[in-house]
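Same chain, two partners: subunit A is paired with subunit B first, then with subunit C.
And then the complex of A and B:
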């Protein structure tokens, strides 16, 4: 290659990089998810849900036949990479809307950036408190724990629970904010909190905390942590002689089939609130589960379901906004009225999900979740 | 400014910030390595700088011109407290002691509700920028360059090559080592304050063991022949994951392969050359 060819080639590459193809009949949207590293399972499930919804949407297109082009960027669970991804999506790919990022901590870093650029940003898995207070362009479709946990606790109260002990992992944001919600829910329902015990997410021995709780004889134990430590707590609680009559209550972190796989029969009778349940019998949900299983050869989880609904909500919003324009999309998001696999969906004035009617309380039976009676 | 250039700069603004901040961290590693000490406390110092500066900004509403220098106070105090006893330790023992410091501080951030616990501190205003970050980086580079060429640099190199011989020649080894650790704490504290004030959020897990090793790898990849080497190492390790975005799922694999190859074939770092020094 001679010099002038090289220069021409280089110029073409720079031009291509600096001016993204002016999409004549395409709507550019972006997503930031964890696709590599230890927390990749969440991001990969979300991407699968988004892609499945996108396939269905693009058969017809939006705005009279335009295709939605989704660019998914990896954040590796790292705050800086999440910000870089957001800036790349907005500055280079010219997306009109961002879905994600995966973790609440990432949203606290990314939200101010997208909000400054007035790009509507929709979290599908960010459940911590304070997310949507970042700014008027930050939304979420994931029910905050504050909406799920009280439903579980109410169910427990209806079974005669009057006193409760709380346990949580105090070294990650998700578990801590889940605990704050449990404490508030217990106080609101008038349950007496006998003790509050903490542990670390990577701990394997909980006998000190459990022995103390056993002596207090609570009617129930609420546990806020990710599924691995929760399973450990449940196993040790039963082996240290916490009786079957003591109800175990889990937060969103316990809402994983892994609980049954690790804790087995020890987890029987545990109650966990969930915004979605794979065996929900309505046609929309069974259709989603069938399509997902056919495409990916595995069953969807809650994160995929939330992402699937979010993609559909976004497509409907773009259609109603009448243009791929961030300002118009942001204005219409608040008026959206959607019915998806998670149930009926609307946003509150505070850009959070309006209704927790879709929440079901699940009960562990023989290592599997079923709907609690 | 044309719109595309404006967009381009906006897109890579955070990368530009990260290059400067990580360059400072590379230097903070360089200064301890250049007296032959392996300390892994840089991430802990950075965390102290970040947390103290964020609190000064959010709770006391002090201007950034005061917050930035004040962010070095906590790291320096901790460096003094651990430096005096631990500098008698050498090699891997100092590394273990400083890892301990990082973990103790992480546990402290998690358990003190005033600093947000596991939720960290969010909503930190954007006060730092290209000017503050890069002027500090250039000042630090210039300082190290001048020191490296002076008698102090010679003494530091003597300690690194042979501690006993250096002491015999009249070099006060303990003083140099403490000085290096304090300088390292100052640089890491500044880097922490700057990064907290460009990314609006900090959390306890950003200053644990993993970032400590990342900072060490800046100096290992770049080399410690001259102060420019660890900065180049930091820049490469910061840019690589962004430049490899096109590989999507295989990004981390390529990232790892490139680093392994560099370490295998350039054992003295990417910039192995040492500084020339005038004859005494």
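And then the complex of A and C:
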């Protein structure tokens, strides 16, 4: 390279850096995810799902060929850092939309900030109650547990379940809120609740509660707790002689491969609802799993799937809005009718997912989850 | 159903007694509340997990091996943490604080090394369907817990009452200085007591891990609170008292959960502790000012 070429090249680089608008028009969006610290696994899965969707979107681009540029900021699971990330994305990167943050309590911190700045914010993994009530710019694509459990219970009812016993860990907010959902679902479906038993989430002995339940002969037992006590309950239920015909129903906490590892064959037949399942046979899902595995050399999880769909929803929204403009995007989001790896998707008027049609009921067989027939 | 609930209670109570045996012996003879005891329990379960899962030993070999290994760990920990305090006649509170700090460090280290996940011994080491006796269902693991608890209590009582070592231990429990003057090697006896307690705790960890399928580093900590209740109700240092109090606590917990409310099971158990201490400050079976072992 001779000297004049070098200078010209350098000038071009400086110009491009100083005046990004001179380059082809781009749509700036941001994401706030946990990329470091103990909960980093969630954020990393989400980022992987977003990036994969972005690769596919940017082959054609949006708004007639513009590329979407995604800036992902790390919140480290820290509310203050998440708020700073939001300010940085809005102020410096001029994003028109924010995806995330990862955790519900981060959203409760970030939501009020982005809502005030009128930047549409779409949570992909925030399942707590009250998220979208933060304001008219706060959306989420993740199904709250209240939408997943009723699908499981409906499946149980279709198998002839009329009476149910409920068990939950009463020293843990997650397990308690899961139980509230189970109780409401049972009442709504007209299942007769024979008894409600509690235990501590660190307990290892559940024999008294199970013996009592056995005497009541329910058609099903619903258990809301983290996977460790659930495994213990399941093992002891079988050794105390709860018959195989009594269906075991789990909540979100039971949706873990750990259940099969610990409880083994004792958990066979247990039903657990999940917003997504890797082995869902539709072409959209198998295509996603293949592409994800090829890009990252590992299988996707539920968080990656939710993020993948969300990025596609966002791209479709920007296209339909006709401009990279936050106000227009926010107006169009509510009208989106999308079909993705999680199933058909629409928002309610309250900016939550409208349908739980994508929920898959899983059944334990030989220590592994499969799709319940 | 009552028969099954009573069986559940006795089985749960046996696990409490099994846990409390070594704990109460340690207090009875060495006069220390050694909180590292809970760690021995977790260590026993993990040694057995390693031997059965990674080395492929059967449970009848892994159980005694784990017990002896933990006995050795207990001797080392006692020597590291408490021998010096005993020599300088430090107040009881210092040994409590030293072992509290040590056990938290040990649990945290173990979690960092092995992870917080719960594991179980391979199902095939003592699997099989529950046995059915009329209206009762009992698993092999539960029968093993009952037998082991019985054997350990009998062996311990025989050791204390019928052997010269037992006599020396009781002398040491009564007055360590006088025992030393009478020619008893109290240092070596302290190591022996640590070994016995470690063995008991290690075996307890294996059996309870086998019974409840929930082996994880903090499993000893979860048992510690119940262990305290049992040895206090049973009378500190009283082996028979620990057995009776353990079974009693288990039966009360199960009956409360089965017939009153599962949410009240702990409230009732700990309310009983308060009432017992209030009416009998030395425990249900303890006698004031008499040191027993």
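Everything that follows uses one rule, which is that the second predicted complex is superposed on the first by the 258 of 373 C-alpha atoms of A that agree within 3 Å, B and C clash if a C-alpha of one lies under 4 Å from a C-alpha of the other, contacts with A are read in each partner's own complex, and residues count from 1 in each chain.
Please note the rule applied: a contact is a pair of C-beta atoms (placed from the backbone, for glycine too) under 8 Å apart; a residue touches a chain by one contact, two chains touch by 3 or more.
Small disclaimer: the values here were computed from a predicted structure and weren't measured.
Note on subunit A: of its two partners subunit C and subunit B, the one contacting more of its residues is B.
With both structures placed on the common chain, the touch criterion links A:37 to subunit B but leaves subunit C unconnected.
Contacts of A:228 after superposition: subunit C is touched, whereas subunit B is not reached. Judged by the touch definition given at the top, the superposed model places A:170 against both subunit B and subunit C. By the touch criterion defined above, A:81 lies against subunit B but remains apart from subunit C after alignment on the C-alpha atoms of chain A.
Looking at the shared chain after the overlay, A:290 reaches neither subunit B nor subunit C. Of the two partner chains, subunit B is the only one that A:108 touches; subunit C does not reach it. Using the contact criterion defined above for the overlaid structures, shared-chain residue A:348 touches neither subunit B nor subunit C, since it reaches no partner. Legend: residue contacts after superposition of the two complexes on their common chain; A:92 is shown touching subunit B, with no touch to subunit C. When both complexes are overlaid on chain A, the residue A:130 reaches subunit B alone and has no touch with subunit C. 170 are the residues of subunit A that lie in the contact sets of both subunit B and subunit C, per the superposition on chain A. Contact residues on subunit A toward subunit B in their complex (touch as defined above): 18-19, 35-37, 73-74, 76, 79-81, 83-85, 87-88, 90-92, 105, 108-109, 112-113, 117, 128, 130, 170-173, 175-177. Remark: subunit C residues 1, 4-5, 8-9, 11-12, 15, 117-120, 123, 129-130, 132, 137, 139, 208, 212-214, 216, 219, 222, 253-258, 262-263, 265-266 touch subunit A in the complex. Only residues 4, 7-8, 10-15, 18, 107, 110-111, 117-120, 122-123, 126, 199-201, 203-206, 241-242, 245, 248-249, 251-252 of subunit B touch subunit A when the two sit together in their complex.
Interface of subunit A with subunit C (complex): residues 170, 197-200, 202, 204-205, 207-209, 211-212, 214-215, 228, 231-232, 235, 239-241, 258, 262, 264.
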